[in-house]
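A, B, C, D, E, F, G, H, I and J label the chains in the order they appear, each numbered from 1.
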Amino acid sequence: MEFLVRFDVTPPASMSADERERLRALERVRATELRELGILRRLWRVPGRRSVVGLWEAPDATVLHDALASLPMFPWMDVSVEALATHPQEQK
Amino acid sequence: MEFLVRFDVTPPASMSADERERLRALERVRATELRELGILRRLWRVPGRRSVVGLWEAPDATVLHDALASLPMFPWMDVSVEALATHPQEQK
Amino acid sequence: MEFLVRFDVTPPASMSADERERLRALERVRATELRELGILRRLWRVPGRRSVVGLWEAPDATVLHDALASLPMFPWMDVSVEALATHPQEQK
Amino acid sequence: MEFLVRFDVTPPASMSADERERLRALERVRATELRELGILRRLWRVPGRRSVVGLWEAPDATVLHDALASLPMFPWMDVSVEALATHPQEQK
Amino acid sequence: MEFLVRFDVTPPASMSADERERLRALERVRATELRELGILRRLWRVPGRRSVVGLWEAPDATVLHDALASLPMFPWMDVSVEALATHPQEQK
Amino acid sequence: MEFLVRFDVTPPASMSADERERLRALERVRATELRELGILRRLWRVPGRRSVVGLWEAPDATVLHDALASLPMFPWMDVSVEALATHPQEQK
Amino acid sequence: MEFLVRFDVTPPASMSADERERLRALERVRATELRELGILRRLWRVPGRRSVVGLWEAPDATVLHDALASLPMFPWMDVSVEALATHPQEQK
Amino acid sequence: MEFLVRFDVTPPASMSADERERLRALERVRATELRELGILRRLWRVPGRRSVVGLWEAPDATVLHDALASLPMFPWMDVSVEALATHPQEQK
Amino acid sequence: MEFLVRFDVTPPASMSADERERLRALERVRATELRELGILRRLWRVPGRRSVVGLWEAPDATVLHDALASLPMFPWMDVSVEALATHPQEQK
Amino acid sequence: MEFLVRFDVTPPASMSADERERLRALERVRATELRELGILRRLWRVPGRRSVVGLWEAPDATVLHDALASLPMFPWMDVSVEALATHPQEQK
């Protein structure tokens, strides 16, 4: 089942540039793992914003939640999830 | 997987009272079938409104869509669906 | 009478991880008590968010308020309550 | 338990002035009965609008719904209900 | 003239518990005075929230503003005011 | 007491151009009377829209409502009213 | 350049079932052509709604507009378009 | 003075295709005149919609209103106007 | 040209009471100057709030912006501006 | 391809006046470069606000994002981007 997931990341102003960079590197590692697991399908950037739109695939919303919560930046992410149904014109 | 589903039903003003009653009876029959299939779990009425809040269970959003679309009143329903994840305190 | 209750918990950034963990443990204890009292019926997690949707049952809104205010995290919770009426198809 | 209830009445343009007047008279009769039953407590008019704010009292949201649905204008009313809890400064 | 007044109180995180309690006691005293003056008519609590709905009566919006601004918690209150007209069914 | 009143007028598509013109003429007559009574103080047009912003003065919201309801176009007006308090810098 | 496009289709109540079916068939033909041109990439259904979310690719917004406007149902579609930028983690 | 003007045009379903085409032709003529007068500066289309964003220049909002109201499609346009100030980086 | 201007003033919590009072006094001086220049016409207070509604007059939005930006509290003001057109019933 | 870009700049309260002025000067330099590259076309100020509306031109949203992200104030900007299509009346 696919989900359209939109999130903004807003690390606190008090976080050091080093810590931010360290977390971003971990984030990229974890994102790569989630792609290999087939959970994270595609990411896009919303132009002009620190927002990301993504296409995710998971058996249900609980597995999706756990995948999102495993991202190192999760404590500073504002996430919204939209469940998608298969369109009859798609032969998936 | 569970879904919180909210809908309003607004049959067109031009529909006769008889036709409306006939559709409502069919609606009750179909709802009973969906309960027996374990897809429709609970319904509540929003007080003062022709709106309904329901708890539904389906393997994914496509099966849920097909269940909702099988309701005789579907062409006049405005539906919104929210995917729910299991809360860690629930042992389902 | 049933209520659909939605809340976000946002502990202040200044709260230590220990204090947060201590409050979460107390929260679980209190939630269990409210379940045993039949006030808290079900909880769901909104995927990707620190938000919770719950089904509560209380004789009126004042008792419900007192139950919610008894949660250890209440000072940092943003709560919205929706009163539900019984749907004619439910034989409760 | 008290409820703050807000509604707009928008009879269809096709309804004759006579029918509208007849329904309004029935509405006043029914409102008087609901006052005598102690369900309808107070009504106010929102200035400049065909909207009404009311204070209602009912044991639960299901009884409130049935009272609202018994108003002759109910099919053309858009209603929103807010459950109220007793304020500690009120000795009701 | 009556007004429906809704407010949230959010004292700053930096305010000590003692100061908060002292202000709340002063608030109760002032609210009692406003009731005796016939300006504050009724208060309700919005369940699950630190929000209050109240029915106030004042000759005009300027007197109402002064009454609200005299509350010790006013600097931390977010207030919205709705002017109410008399409903023809009320014989006030 | 002053009120900021905003309204849109949307006569039904079925109203003839003649009837519309007749109502507009009556509207101008009634507006002139309300100005002479000191209830209607100023009108502005919202550029590009059939919306009007006005400054009205009335002893209370009930008198204001009756003045608005006396406008011949009232049945097709969508009105919102905002109560204003005197600003301390104004010596009215 | 990719675009996230969301639309609802609401054919008028007066359209016959035959005409609706005829247009839907034409719609499927045109959608297939747009897929072959590489403009339409993916479609999803929003569960419970007559809404569609799609991923489109076009050199600019003018070409995208022309592709959307070529759909036989376009006169009854309410469309919103969001421009997407490439995410640095995607090697497209 | 410049204004950002956004409008949707929704001719009524009952308008014939001929009448619509006739009005569109008149619209193009009037738009050309407004460009020559220097009131209409630029137009853009919102992709996927029958909405238009435009840059207009007029000595004040009253002149702008009259220019907009002179468009043959004005009775079916929903318009919103935003006043713009000169940016210090622009040497106009 | 007239403008309806609405603003909230929220000085930072860290500003001392003395500094706040000093700025308010400067604000009153500047407001008096703007009244004498004919730019600031009227001010009203939104009851229960630290919000102000004002009627301003300026040749264009750039002059209005400069007048607003000259207020000593401007750095802490959240301002919204609405351009007004002359109503045909007003002979200004 | 053109884009309508709207942004607010809110540097943190903790930033010194010197640092703010230094960044603003760098911002002007970078804006001039983007104008010379033909990416930044026009800027307007929203009256009364620290908001800017701009007309930008870029081959796609990714190039636009990179241009916006190159502004020295970008970390404190809240940006929204609207893709524009060419209007048939414009011969660009």
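A few remarks follow.
As a convention for this text, a contact is a pair of C-beta atoms (placed from the backbone, for glycine too) under 8 Å apart; a residue touches a chain by one contact, two chains touch by 3 or more.
Just so you know, these numbers come straight off a predicted model, no measurement behind them.
Over half of the residue numbers at the interface between copies subunit D and subunit E are found on both sides, making the touching surfaces mostly the same. One finds 44 Å separating the Cα centroids of subunit C and subunit J.
Chain centres here are Cα averages; for subunit H and subunit I they lie 30 Å apart.
Residues of subunit F in contact with two or more other chains: 3, 45-47, 61-62, 64-65, 81, 83-86. By the definition of touch given earlier, these chain pairs are in contact: A-B, A-C, A-G, A-J, B-C, B-D, B-G, C-D, C-E, D-E, D-F, E-F, E-I, F-H, F-I, G-H, G-J, H-I, H-J, I-J. Of all residues in subunit B, only 13, 45-49 touch subunit D in the complex they form. Those residues of subunit C that touch subunit E in the complex are listed here as 3, 5, 7, 12, 14, 61-62, 64-65, 68, 77-81. By the touch criterion given at the top, residues 2, 4, 28, 31, 42-47, 52-53, 82-90 of subunit E touch subunit D in their complex.
Listing the residues of subunit B that touch subunit A in their complex gives 1, 3, 59-62, 64-65, 81, 83-86.
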